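Just so it is clear, A, B and C label the chains in written order, and each chain counts residues from 1 on its own.
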Amino acid sequence: MPEASPATEKRFSLRRSVQKVVDFTEPAIVGLIHLCGWSAIIFVMAIFFFVFKESLPAITGIEEGDAVHAEVVKLDLVEFATSPKWIPESAKRPTFGILALMVGTLSVTVLSMLIAVPLGLGAAVYVSEFSKGKSREILKVLIELLAAIPSVVWGFIGLVILNPMIVEVTGEPVGLNILNAGIVLALMSVPIIVSVSEDALRAVPDSYREAGMALGANRWEMVYKVLFPAAKHGLLAAVLLGIGRGIGETMAVLMCTGHSVNMPTSIFDPVRTLTATIAAELGEAVRGDMHYHTLFLIGVVLFAFAFVINLTADLIVKGIKVQGNE
Amino acid sequence: MSSQPTNPFAETEEERRGKLVENLVGISTLLMTWLLIIPVLAIIIFLVYKAWPALSIEFLLDNPEKKMTAGGIWGPLIGTFFLVLVSLIIAAPIGILAGVYLNEFARDNWLTRFINLAVVNLAGVPSIVHGLFGLGAFVYFLGMDRCLLAASCTVAVMTLPVIITSTKEALASVPMSFRVACWNMGATKWQTIRTIVLPNSISGILTGVILQVARAAGETAPILFTGAMISSRIADSGWEAMVPYGLDDRFMALSYHLYIISTQWQNVPESFKFGTAAVMIGLVIAVNSISIAFRIYLRSRKKW
Amino acid sequence: MNYQIEFRDVSVSYGKDVALRDINIQIPKNEIFGIIGPANAGKTTFLKAINRTLEFIHSAKTTGEVLFDGKNVKQIRNVYGLRRKVGVVFPLPVGLPMSIYENVAYAPRRSGIHDKQELEDIVVRCLQQAMLWDEVKDRLDMLGTKLSGGQQQRLTIARALSHSPDVLCLDEFSIAIDPVTTMKIEDVLVELKSEMTIILVTNLVQQARRLADQTAFFNKSELVEVGPTEKIFTSPDNQLTYDYVTGDFG
């Protein structure tokens, strides 16, 4: 063994003293990082827990009436799911049926997808396959800008710009209806559709494109016969995420749908959505009464919708990645 | 058939049609793209045009007066600023550390899959459900009451998944070899992260974080029931106008302000509504451009 | 005899793939120990087993004992101290995205040296030893990543020397640098031998022949033969070794 020189000895002792500090902070900080890492799980469960907790009394029963004539009232779940009547403030018999609200949400979402999916896919194909360099960057920035506009501003646009335009063009007395909300929602969900489908298209290996080109296919044939089939899972996920966005959107549909509980028969009918109902009524509902708890139950329904849609989209996207690894 | 010697490279009828189709598709997808963008640009220009009479420095710096028939939007503006600031202070550390966990510590196992799934789902929860959660958890369960802190917590939870994702992306762009080099020199995992990984990704992380929180600031649904209110009296000038809300105060916010003046109140001058909307869009564009400029700047001085 | 490094029946596997099988080897102090062998023979895994960086590969499983200075590395509690005693240089140069000075001062700082003069001494000494000092002495604040590939590799060597290791492991260090610099570094290695043990993994058999005191030949995760370099290159016991060093392999 070589003799330790004074210098190395000094270094060694210094090393020791620092090591002690490190030994203490390292596990602490690593523990903190792990805790934060799990935070997403914690918050998802917390969201479900608290929203469900506040809705629970509606199912288990609430005591209503004064001290003398107290009775336990329960929400009729069958009526909740199947009745088109949403009359929460009725003095005689409040009715809590969300069928019309669901139809409202669905009709607005479906219309918006009918507009957004073709446009979004077209834009994604253009951005990914036809544009290049600077112009592609600029297009992407502009489409990102669509996503950045706050939903209340979209609502405002529907209210003050689309509304009179629809009245002008169609001759309807009021322009706040499915069409209005559908258009606004379409513009809002386009960015996510474009960016997810563009990712899916770009995930297709260039060798596919080259193979397609070598066979003499033109770019459209390549997109249609090679890229679309190869990217179909990603495109489907894009559409699903767009639907998720549509179902969950609140302020814009609150301001653009006309906000009346209604089973629509045409796209010029005003409707009301699940989200808008919560936003509009929770402020007035008294904590503890049936109306309040039922609004939270709608929240649980929305949470469940979003959960299923996102889970499906995620599984589909994971599916592509697994394929890509093979 | 032509009598000329056949040119093997001459276009066949088939190929000519193919080219035509290709051009047609290129043009029509381009049109579809512009069909999305042009109306929005037009709308923005229209908004600014209608807002023009109201837009002035006073509009930004004065408080709303007489049910928004006079004055400006200072109160809501500063309220939104504080909402963003507080939620940033809450969400950024948690989100960044969570991103560090997922990129640096997580192994490829069921727990990690579960966390990633949770992140995706958290991002997909409708904003109004976030509002319900904030009301149930922060306002009632934790007893915060409706206030700036409760609203900020709600917005923080909402922005968390995006912060996690953008952090993960920024960290993943730091080459693995840097980490290996540090480990081989006896650096601990956290030392490596602190000295190499974070310094070389922090600007990317921050761009993502600020961009997303700024977007969340435009959200209305999560703050509807957790702390936003309309038209409270706050100081018009001095220190108290700069910091008008405590953490336990209810506050004004631009998004809620626009919602109320455009749907609930009558007699608000049109230019004031348009002005508020234009200011919101202006803020969004400003934050976006800053982050784009920052991104370009970072790319120009990439360190490896 | 007290060896610097000793492997006793060491096997390493990544999941189903075996990377090292029953390796027994002794590396004496202050020697240059050459390791040759074709790709995927387990040479790099061998190095990673020494400073326990295999632990960063979750699928890696190690059996047997690796002794460092007579101590089983698995039982060394301060793994970071162990890693500081082993300097490693990998095939591809890695300049860290910080100044040249900070690149070399990184490890000393981590081990608690903050005295400016002391740090500067270390930086100068290491850069000189790695034959880089003359080229960078006027621009120590330049980013390490902006150096040329060959310079970065020498910076990597300087960094490996900066924590005064007892063992220096070089994994095909000359892949990315020109022959002249390689020669210069080879001279340095011969000088460094008096201060530390050097393990030289190389795919240039002649490099091992020039430098190594002993040479080991690895093939397909197994140690085929180990012995004094001269013997390995002139009269190996194993036909495979003979084929490899004469270039008839495969």
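As a convention for this text, a contact is a pair of C-beta atoms (placed from the backbone, for glycine too) under 8 Å apart; a residue touches a chain by one contact, two chains touch by 3 or more.
Predicted model, so just to flag it, every value in this text is computed and none were measured.
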| item | value |
| --- | --- |
| Chain whose averaged C-alpha position falls nearest the assembly-wide average | B |
| Higher-contact pair (C-beta pairs counted), A-B versus B-C | A-B |
| Whole-Å gap separating chain A and chain C, where each centre is the average of the chain's CA atoms | 52 |
| CA centroid of chain A to CA centroid of chain B, Å | 14 |
| Approximate Å spacing (C-alpha centroids) for the pair chain B, chain C | 48 |
| Shared-contact residues (touching 2 or more other chains) in chain C | 80-81, 111 |
| Residues of chain A whose C-beta touches two or more other chains | 22 |
| For chain B, residues that touch 2 or more chains besides their own | 188, 191 |
| Complex interface listing, chain B residues touching chain A | 15, 18-19, 21-22, 24-26, 28-30, 32-33, 35-37, 39-41, 43, 46-47, 93-95, 97-98, 100-102, 104-106, 114-115, 117-133, 135-137, 140-141, 157, 160-161, 164, 188-191, 215, 217-221, 224-225, 255-256, 258-259, 262-263, 270, 273-274, 277, 280-281, 284-285, 287-288, 292 |
| Residues on chain A engaged by chain B in the complex (per definition of touch) | 22, 25-26, 29-30, 32-34, 36-41, 43-44, 46-47, 50-51, 53-54, 118-120, 122-123, 125-127, 130-131, 139, 141-153, 155-157, 159-161, 187, 190, 216-221, 223, 241, 244, 247-251, 255, 275, 278-279, 282-283, 287, 295-296, 299, 302-303, 306-307, 309-311, 313-314 |
| For the chain C and chain B complex, residues of the former touching the latter | 51, 53, 56, 58, 80-84, 86-88, 90, 92, 94-97, 106-107, 110-111, 143, 145, 156, 159-160, 162-163 |
| Contact footprint of chain C on chain B as seen in their complex | 107-108, 177-178, 180-188, 191, 195-196, 199-200, 303-304 |
